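When the chains are written out, they are named A, B, C and D in that same order, and each has its own residue count from 1.
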């Protein structure tokens, strides 16, 4: 049995080991891909062990050392991070299996680079999940940006290059110009960068080291600086990243990358500001009651609606899913910024629910592409008969994303709605409701049309994608329903943090 | 008495400098530079610095003038102007007006700043200037006692060889560097060299 | 960890003559090498000399870390009569990276030199290189102001010669342009020394500092300061006195560019810091004179203008040259803060940037050797034939941008923290935004080499030789190592900053 | 400003004017050789400034170059002919200067214990020396200067070989044509 410290170390080392093995066996595809799968299963095992500890109230810690004089790279696992790590590592197994099927079925080049970068991105996701301070989080965040860039530009054509440029440009610029600035500013005011329950800014605020306006500015810097949360107007990178192969879109742009973004925002809200500070601080004193996060909440709500509307106009399936992701991420950001207990719990829970649901949708999109070479929704009429499993999974996952029972998403949306009321912004609930309706409008017709419309002209060409693609998507689809019944345990775990 | 010698020298120095600035013929400019160095050397002699004066006369007025004349006479005709050496090759063009004005502004600014700085300087020749009182005992006394039997009567030489010997070593290194440099620059590439001078190859 | 190293170095560094050996060995070796004249032998011997010099620097740093600053009186003459070499944390640190890069670049050089410099000149090239390194080290080690001038000239003259060796006819012209500006700078510096000498009667830096504190010749002090500053700013290539640098870096042979870009401007920055913090006081420089504001403005304008200029370059050497001008701005920003954190940030950026820029120019040298061009359009698609070289560029480029886990991030972080602690939020913000420009010019190259169809020249090329790749990877690797582990970079820089500020009477 | 200060600083100002003339030539000239000439004059003037600083004058005592006169040590028999010559020259210079000063201050000078008059000038046993250090420094600087000049000229020869001209604007024009 390993000590908690060793467990953390192992769980961080395993993805790196995978990077090494993938490069080492780059010439022998079967061995290379075998290694990926074995390592991912091992990693999930280790993460589960850690989760057991964390959910029982322990807080395992690992200090790597000083990266910059006075600032340490340190990991400390708390429940929110643990949940995120579980989701990322668990879905990594499925994605790896799926990716092997997809990449081979598609005869992609540079598969070695692909799998290596993939493992590196998982490493970054886990580091971010375990980060004990803002510096560690930032380092992990940037490592993730860099390691996913080659994945986005994987195809190497002009379109991929353009997509990569937007991706890197927005993520790096926002992170350096805003996020880094906000971190250093926080350090300057608070004297520490550690994540502390209750926040580290309360004390300096009470001492008058920062004004309410300053606090509001700092919060805005964090919110925009964490560009991976794809809050409008810094959302363009996400559709741009859709030029990547579908497994990348699935794991990274539905799970790891974007979830690192919203996860970071939640962390900042809970452990740097402290939800009390955000909820109780007014910009203008007693006269009118303008909270420091209010305008950001409105922006998030607008982002939810706008992204949904844009999604409706997209015919390309992946683009539609990308805008749907932007919209769903804004739910989580909104939950964080509302800074009430329920909204934060709802945000945290939505990380899980949305991850499982959205990865299913992307898997389906990939499977459709592999099986039928269709990218556009308008071409998918009647496909459902040839690919029943895929479209069934699509339907189930859509229900979860929309927030209808029996999808897991119904719980997280419920908590978010309650959060709106708790923090006195009940009318924002309206935005959530309208958006859910929009979700129905842009997601449900896809499987419906695929099943209902009579067959097209060339049915013989269509068939289900290879088993390695179909099995993972079925598992995740089932998962998104099963989560409905585990929402209670997630709730109880998350209750520890607020 | 001294003024009678100094004033003409200074006047001449100044006149020479101005002449060099305005004259267009390069041969003449070089000769006037030599004269300038020579006049400077004379003044140094009056200022109690015979060693420097002689070095300046030899190096500044002598060697450097010769080098410049040699440079001027090394005139490999350009392909465009093949033919006899015409005197016009050695006429410089007047700088454009804008450059003259901006240069003058820079120079006047710099000069004014320096003059501002001199306002705090000890007066010429004053004995209580820091430079004359510090360090005590002075180099002159010190060199005599410390050097013992080796005490050179010429304190400049003594200091050069002892206290500031490493400046002298550095000075030798400078000359040596310049020597290598000139060799490197002027040495023709041998036929055995794989790469040519690559005059025609322009990488930018 | 640090104690063990100190113990080891303590044994090595017992010799009291280390500071003079540092200068004397290469200075004596250079003429001997020319007498030897054999191309291969000269190459090997100069390599040995360079590594010995590096060893001495390491030993000196070890000694400083163990026992603090120490002095060496040349010829046994004490100050103010004789010349004194003084080694403290700051210059030991600067000498360490100057000699390290000097040795590494020399190790890397043979194939590149063979390709770019005529064979018959090799036996002159290596001694010139050693002399240039000696000059730079001499400027650091000496505690005598006039001696600084002498060494400045040694390094300058040899760099003029080295730059003029470039293949194209523009190299001599670039060299002459540098010579003219450089000589103006050096003469200004000499003038400043003269004024200081006249009001203090001494040339020893510590001595001058003492006398200046008591002196009331404020106007002369100020003018001396101004002239020395302008002189050094020219050598540092501070905007707008940087005009010599892009041409010089572009047209010099790759090895020369690498060495000069990595070390030369940093040593001038060193001299400037010495002047401000050891000879004068930061109080004088930043309160009596508003030099800090002027420096912030110059630095920021310089960073923006040079970075934008870099974006538009199609010649990679010139691109990096403009980037160098911009990076000097960051060092100035840190130094101008006059706080311990600020100076430490400036100093550590000297160190980090030396490695980053050195590494990147080494990569350029590899490309120049195999592709025969430094134009970006000829590098297109190089990743397919030169994967190792291209990867080195990517890593070095990330360092230049300042991505976490590279040395550039450490400097950026420290600089930002220091600026913020000094209460200058606007400057901190502008600094961050300016650093985004680096993303554009670095990534322009990354895209070209990784995601383009190979150009004709690339198709004929092959991977750079190992003798060049290994030193390149050592330097590039160092940028990553010093990005994650800062015991020997940032922590020494902090010690140096502390010592400097304590010496100049700034209460912390 | 008193006339005394004015005359005391006058020498420096002259040197500064010379220096600035040199500097002007450097920055205004488009001809490479002319630029080098300018550098030469600029540097020479800086040497003059140093030397001016080192000079010592004294109303009474004799001031000479820092070359010790005979009888001072017992072991200077082997000094060079060059040194001897210099010593003599400066001695003569300063003898005349001394005479002049002595006359000027003859009646005002009370510190010489009642002695007055021109004839006493020769009785002053003590000799003052100008500061040798500026000379030492400038010897080094002159050598540095000539090294720079030589290097610059070598570069100019190369440039003229390559471009056929030494006018800066023509060279830039030629480079532009090629691009």
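Observations on the model:
One rule holds for everything that comes next: a residue touches a chain if its C-beta (ideal position, glycine included) is under 8 Å from a C-beta of that chain, and two chains touch if they have at least 3 such contacts.
Only a predicted model underlies this, so the values are computations on that prediction, with no experimental measurement involved.
Common neighbours of chain B and chain C, listed by label, are D. Contact tally for A-C versus B-D: the pair with more C-beta pairs in contact is B-D. Relative to the C-alpha centre of chain C, the farthest chain centre belongs to A. In this assembly, the C-alpha centroid of chain A lies 43 Å from the C-alpha centroid of chain C.
Averaged Cα coordinates give chain A a centre that lies 76 Å from the centre of chain D. Between the CA-based centres of chain B and chain D the separation comes to 11 Å, rounded to the whole angstrom. Separation between the centroids of chain A and chain B, computed from CA atoms only, is 70 Å. In chain D, the residues that touch at least two other chains are 19, 23, 27, 36, 53, 133-134, 137, 140, 144, 147-148, 151, 155-156, 158, 162-163. Chain contacts: chain B has residues 114, 118-119, 121, 129, 131-132, 139, 164, 167, 170-171, 174, 177-178, 181, 185, 199, 202, 204 touching two or more partner chains. Residue numbers of chain C whose C-beta contacts span two or more other chains: 146, 150, 153, 157, 160-161, 164, 169-170, 172, 191, 197-198. Applying the touch definition to all chain combinations yields A-C, B-C, B-D, C-D. Against chain A, the residues of chain C that register as touching in their complex are 398, 401-405, 410, 412-414, 416-417, 420-421, 425, 428-429, 432-433, 435-436, 439, 443, 447, 450-451, 483-486, 490-491, 494. Contact residues of chain C toward chain B in the complex are 27, 30-31, 34, 74-75, 77, 80-83, 115-116, 118-121, 124-125, 127-128, 131, 134, 138, 146-147, 150-151, 153-154, 157-158, 160-161, 164-165, 167-170, 172, 191, 195, 197-202, 211, 215-224, 226-227, 250-251, 315, 318, 373-375.
Chain A contributes residues 65-69, 71, 138-139, 142-143, 146, 153, 156, 160-161, 164-165, 168-169, 172-173, 176-177, 180-181, 184-185, 187-188 to its touches with chain C in the complex.
Those residues of chain B lying in contact with chain D across their complex are 1-2, 10, 13-14, 17-18, 20-21, 26, 29-30, 33, 36-37, 40, 43-52, 54-56, 59-60, 63-64, 67-68, 70-72, 74-81, 92-93, 95, 99-100, 103-104, 106-108, 110-111, 114-115, 118-119, 121, 123-127, 129, 131-132, 138-140, 144, 149-157, 159-160, 164, 167-168, 170-171, 174-175, 177-178, 181-182, 185-186, 199, 202, 204.
Residues 146, 149-150, 153, 157, 160-161, 164, 169-170, 172-173, 175-176, 179-180, 183-184, 187, 190-191, 194, 197-198, 203 of chain C are the ones touching chain D in the complex.
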